[in-house]
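Below, each structure is written out as structure tokens.
There are two complexes below, and they share chain A, which is joined by chain B in the first and by chain C in the second.
Showing the complex of A and B:
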């Protein structure tokens, strides 16, 4: 089949290009775009890949998924999408296999205990499976389209008139959320600039264009201003299974200040940012400063992303560079006890409920790709 | 886009340098790469064929062009032109460039310039801003550039070569350009965007060897050929060219400190399974299956390759350790660069040194800074290698192969038999050691310095890149060790040739135009710069009467013999003395001559007068020369010469008069 081979090489070129883009990571892609691109690629793999049985397909998806996630571990969305697709394949296979919806649910404790040994082998070939899976993925893509709007729609329930809202950096979700609220209510927004990349500036510009009263301030002023703030609303890169966040660096400071002043901290994030990966990231800077003695730690900072220190201290600085170490972390770990509420496209949830949502989204066997 | 690359296989943070170069090119959107190599081309080809660049999914098609005839960049580009490999703009890089630069903006500027003024700008050079004293600047590559700030045009380009003062042609500042910037805060990335004309120009000018020749030639002939060179300065992105071990060290540590992000080790951009690393705090990168003994400390900025075993109670900091190394107990590694399969026994101390593949260091050995152990060398036990020691398996007398010492396995095997014939010097390498001290015989201190420098310098040029004019490179720590220029002999020969030519011209009454032509061709044949040219010419002419009159003549005779000669050869001088710096150079040469010949001292004023009257030298420059303060004692004495002072006084008065006249 020369046509198939050609398509195959075209596909692997596309995957290669996607991996290269992830690796390059210069221009901070939007998570939603990454999610959609991953989905589209996976869809193509399912469409054109060589597989006959569900098991083969899952292996195929898993290997490609591993490649894609390894390219940029901090981009958890990719892995999440791969898990969603795996879950879809499982469901569709189960439906074709003649299992009823209920039997798949592992609701009761009894079933949880007994069903452990019954692993399926996914070896029966179903010609319909391909079409069904692609159909399901299309539905998922449609769902992705609407996530930001779904979150923004809840804005009026959380933002009231004359409130002072604080946010940090730039998040499209938060931007949409605030803009939606501004259509009906009048409130003030304070944006922490989020040095050294200062995405906060962009946020402020976009908000002020919508006639929202906006103030930009330096990150150092977060604590001082917090007493005036009614609510803190932030976005995040990833939500971990325990309800913790991997968010842009500076968020931890903000969350601690909010906790100190008992200001509610609301996180706006779509469901696809929910990642079942274990919390392997440790609060970085404390350990960076104090533990000079390290054995190979068990935890790997695989979520963590240190970029070129250029923004912190320019490379042109000269002699001093040989004598010092400069670090430029991109993300902070924010522990779940500092967070009041998550607002996702399916509604508001407390951090302690996240693990439950997780088990609905992904199959436990897929937590580790 | 079709860049030309030259390759290097030395591991840089455990990845071959050429991989960095290719990754840079691919990331910046290059679709086709030609790799030109002559030295070790088979290895390079094999390496690349195994790498991801030759997989069919690679967005960048890599092609090889190998030939033993490539001796320099010039040869390569002439070949490019002959085979007409390039028809559009291309990027020219060497195989040892590490960069995360995104070329697109520079390329756009380049294209725009070429569109605005058709085919005028032939090349855009990429520079990285980095202030003097920066650890990634090496003296070998240190440059001063004069640019037109409005158009980014390069007006003057010169290597500093450790000099403290610089001369710029006056024309630079007298031209119509409004703002001229002279910059010393730039690092040459050795990345240039070239138009196809570049290859043609190399063909037209067969004496161009390096890119420097090209740039110099183009700038000098700018008015004639009408070609211009532009530059692009980047502040944010990284780009460096590894030309010696000091640069190797600097760039390695920059990679580990993540300045070259996203080309960091844990990104595994080569897609090699053996190269997967995890990054943890303090910039510690660890490969698969690394084991660390009890009580060992990894402080910061460390890369450990796959399968390496480190014993207990070691201390490691700022180091790169290759794959499958064995490191004993209580070892201290500070700034050590260990390549693959290195064995290090207990109680070893290594400081700022490079240890190549499969070398072995026995117990209680101490390596002081800047040592190099080449492949398969064994040192120890119980020995301290002094600073800058270089040990290789090659007997020191085989210099022609000394480049092979790096990572050349086949060469080493071949050498094995020869090595057996000669014993190893136990004093140098220890009682169980194997290897020879590299080229360090009974030479004086300065020579050793030079050798070491040349290793920390261009011995790492694994490639043909024959930068013959910078063979004696220097490390950033010894700025004045560059004493004699390698061209000295050439200048001597050149001087004799010029003398011969002039003699013939005098005897056969050849016209000055033809003399100029002959001297010009000599100048190119011996690759003599304008400055040396000036000095030689002045000297030869002043010495001319001495030879005719069998020396030992008084100043009166001398001058009367010289005068007709000077008159005859006025056009000759005028042909070469054009810029202010030429005037000064000529004056220096004259001064030098009279210092050497004390007896003739008195006639200096007359000679200068003649030069002035013949309008070869201008009064400003003579006054300027006279008032120079930092001359030697002899020079000061010379300036006290009565006649000379009178002459100067006369000149000053003449000038005042003329300026008065202007005012009236």
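Showing the complex of A and C:
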């Protein structure tokens, strides 16, 4: 049908545009926006893509997902959304296939014990599958819309009056969280500016507009003022399966300082940031502007993303640039033992519980796209 | 009755067993006030007479033991056998008589102690008129003005003092963060020289220039500031001439005071400068009266040169040699900011001794002093890497040791240094990387501090404003009542985060700082 072919090519154009935008870098996009755009794209693929059975659909989604995640590995939200959709498809197929929830669970336990036992082949076609999947995705989109509000609603349970709260960089989730608390309580906020991009400045200006007494300081003073801080509240880019964080550079220092002073560290992050991938899976993404190659001594570092060192040492410094290495990592790894609490749209959790939440969100077969 | 003030006299007074309850506090306070006055007079006398001979108190004391001992036997029996002895009504003694008895008894005890001490000091070498055990019982130190900005009485006193010295008072700028409302916060755009006429009649032009260089940040760094200060003082002494009816030793110190106040207003004095000034004042007041003015001035300039050479330049050489033993081939050394001592150590190790090592320079906003270090090291051919302080978790896994400089070492072992140093020490500890601090002994302070709040310096808050993508987010912070900017200069590293301190006296742990201070005091 000519209409379908047209829609097909339009769809692939949109996917291309999305992938190019991801790869382009530039302005750091908001994770929620990325998630929503990914979901919209996946929805279109399901609606207009050419597939007949569940298995084909899953392969299609998987291929497109791999392409999108390869464009920008540090945007883990894309991969997370793909995995959510795959899980939805499995669930809907399972429901139509006549399997109940409990037997499903028993199935997986049985699968654990018997290696390579029963496996779904997803080959039975069901006409209702398309509609059901689309409906489930709509529900997921509605859930996405409400994540920030859900997190912000919990603010009053965690912030009391006359507190001094420290944060780093610019997280919109934390901004909403603090604004909600400021409606009823009076407290102070200290923002570490997070050089070289200085996102902390924007955060401080926005918070001060809500009449929250905000102080901006350099990252170097984090340990110096930590003794007067009551709580540290931060946002993050990704939550890993063991409860660790991949957050903006400087967060590890902040977490260590908080641990030294026994100050609780609270992470406000929605569930779609939870990523099952092993940090070793994320390939290195480097922008090299100088001729020396940097060796990575540690496998844990493979999640790193770097941007132009020009942010750290501008080209105006002159010919000294030819003789030195300059690093500008964007992210930091924070181990789970430094974190006290995760506040997400489904409530508060300890880092040791995150692995369990993940098994509810994603299917183990999808951990590797 | 001669009430000779003994240095340890304040103690036994309060502890003397006195029968009546309510009268004891009044007595002790009066006695203490008088004691203090006596002590001050005694100190002045000692200082002026120290030159010719080291026995100013000695000639005085031999006469003393005779007198109190005469009083002693009569007063004691008066108290020992109550009813008999003196003519007192049996039973109730009047309050005045009780007080008089107590006073006599205390004086007797004090005189006894004084006599003992006089004997001891006469037997000891004349070069040590004061014994060190008396040091810990000195009076409470006065709180410096620069940490009392929120106290209006202290500020009024300062304003009066500056008016008397004809030095302008610098105004604070911008809303301060509540935690630091006890500190000054100045703006670099409003230097002190705008408030005074130039040329000034009171302040030497070299000092005005120095003050400007300090406040604009042209001269930075503990050693640089101290060296510049001593050079300017040498010039001051050269241009000084004693007024006709005065002594050089007393007048020069008085002439130096307004200059020191001026420099303090330009930028709070560093610990190294404070120690140098203390040394200089002591040298001036110890000048013998017999010297002519020219000779005295030359002697002073020589002592300043000697201090500079020994305490700063030679000490740097010694530290460089000691630290070199700790640098191995294929080391990766992390340094922070710009420390003249650390730079010298690394350059010496690379150029003269030929060790092969890499350096990672960590820098922080808003001062960005690491770029200076980078330039100096690269010029000598050292292989360098440059990162900002938020990336230390990324570079630390490959670092073998951390070399830091210090602004001062406090008596409880804490290291006061550029803000960010404590953070680096903390994260290094988490990665098990040894932290070495290089510091000369002249920067050791008798102060103690546990956090970075009570005594610090607030720099110009406008330095934090940065232009990114054509927009400065914080440019309107002054109008925004809820927004404050904090630009700290120093922070305090607790002693358990530092592994070793390398000084010109050798390599010591942090906790040995008070031992060094004690040794220094005994030597002087």
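The rule we apply is simple: the second predicted complex is superposed on the first by the 336 of 369 C-alpha atoms of A that agree within 3 Å, B and C clash if a C-alpha of one lies under 4 Å from a C-alpha of the other, contacts with A are read in each partner's own complex, and residues count from 1 in each chain.
Here is the rule we go by: a contact is a pair of C-beta atoms (placed from the backbone, for glycine too) under 8 Å apart; a residue touches a chain by one contact, two chains touch by 3 or more.
Values in this document were obtained by computation on a predicted structure and should not be read as measured data.
The larger set of touched chain A residues comes from C, when the choice is between chain B and chain C.
In the superposition on chain A, A:317 contacts both chain B and chain C. In the superposition on chain A, A:23 contacts chain B only, with no contact to chain C.
When both complexes are overlaid on chain A, the residue A:353 reaches neither chain B nor chain C. Residue contacts after overlaying the shared chain place A:253 against chain C, while chain B stays out of touching range.
Of the two partner chains placed around the shared chain by superposition, chain B and chain C are both touched by A:325. Residues 297, 301, 304, 317, 325-328 of chain A lie at the contact with chain B in one complex and at the contact with chain C in the other. Considering their complex, residues 188, 190, 193-198, 201-202, 204-205, 207-209, 211-225, 227-228, 249-250, 252-253, 256-257, 260, 297-298, 301, 304, 312-313, 317, 320, 323-329, 332-333 of chain A touch chain C. Interface residues of chain C facing chain A in the complex, by the touch rule stated above, are 177-179, 364-366, 371, 374-375, 378, 384-395, 397-398, 418-420, 422-423, 426-427, 430, 451-453, 464, 466, 468, 473-474, 477, 480, 482-488, 491-492.
Taken together, the chain B residues at the contact with chain A in this complex read 26-27, 56-59, 100, 102, 128-135, 185, 235-236, 238, 250, 257-262, 267-269, 276, 278-284, 286, 290, 292, 297-301. Interface residues of chain A facing chain B in the complex, by the touch rule stated above, are 9, 12-13, 15-17, 20, 23-26, 70-71, 284, 287-288, 292-297, 300-302, 304, 306-310, 314-319, 321-322, 325-328.
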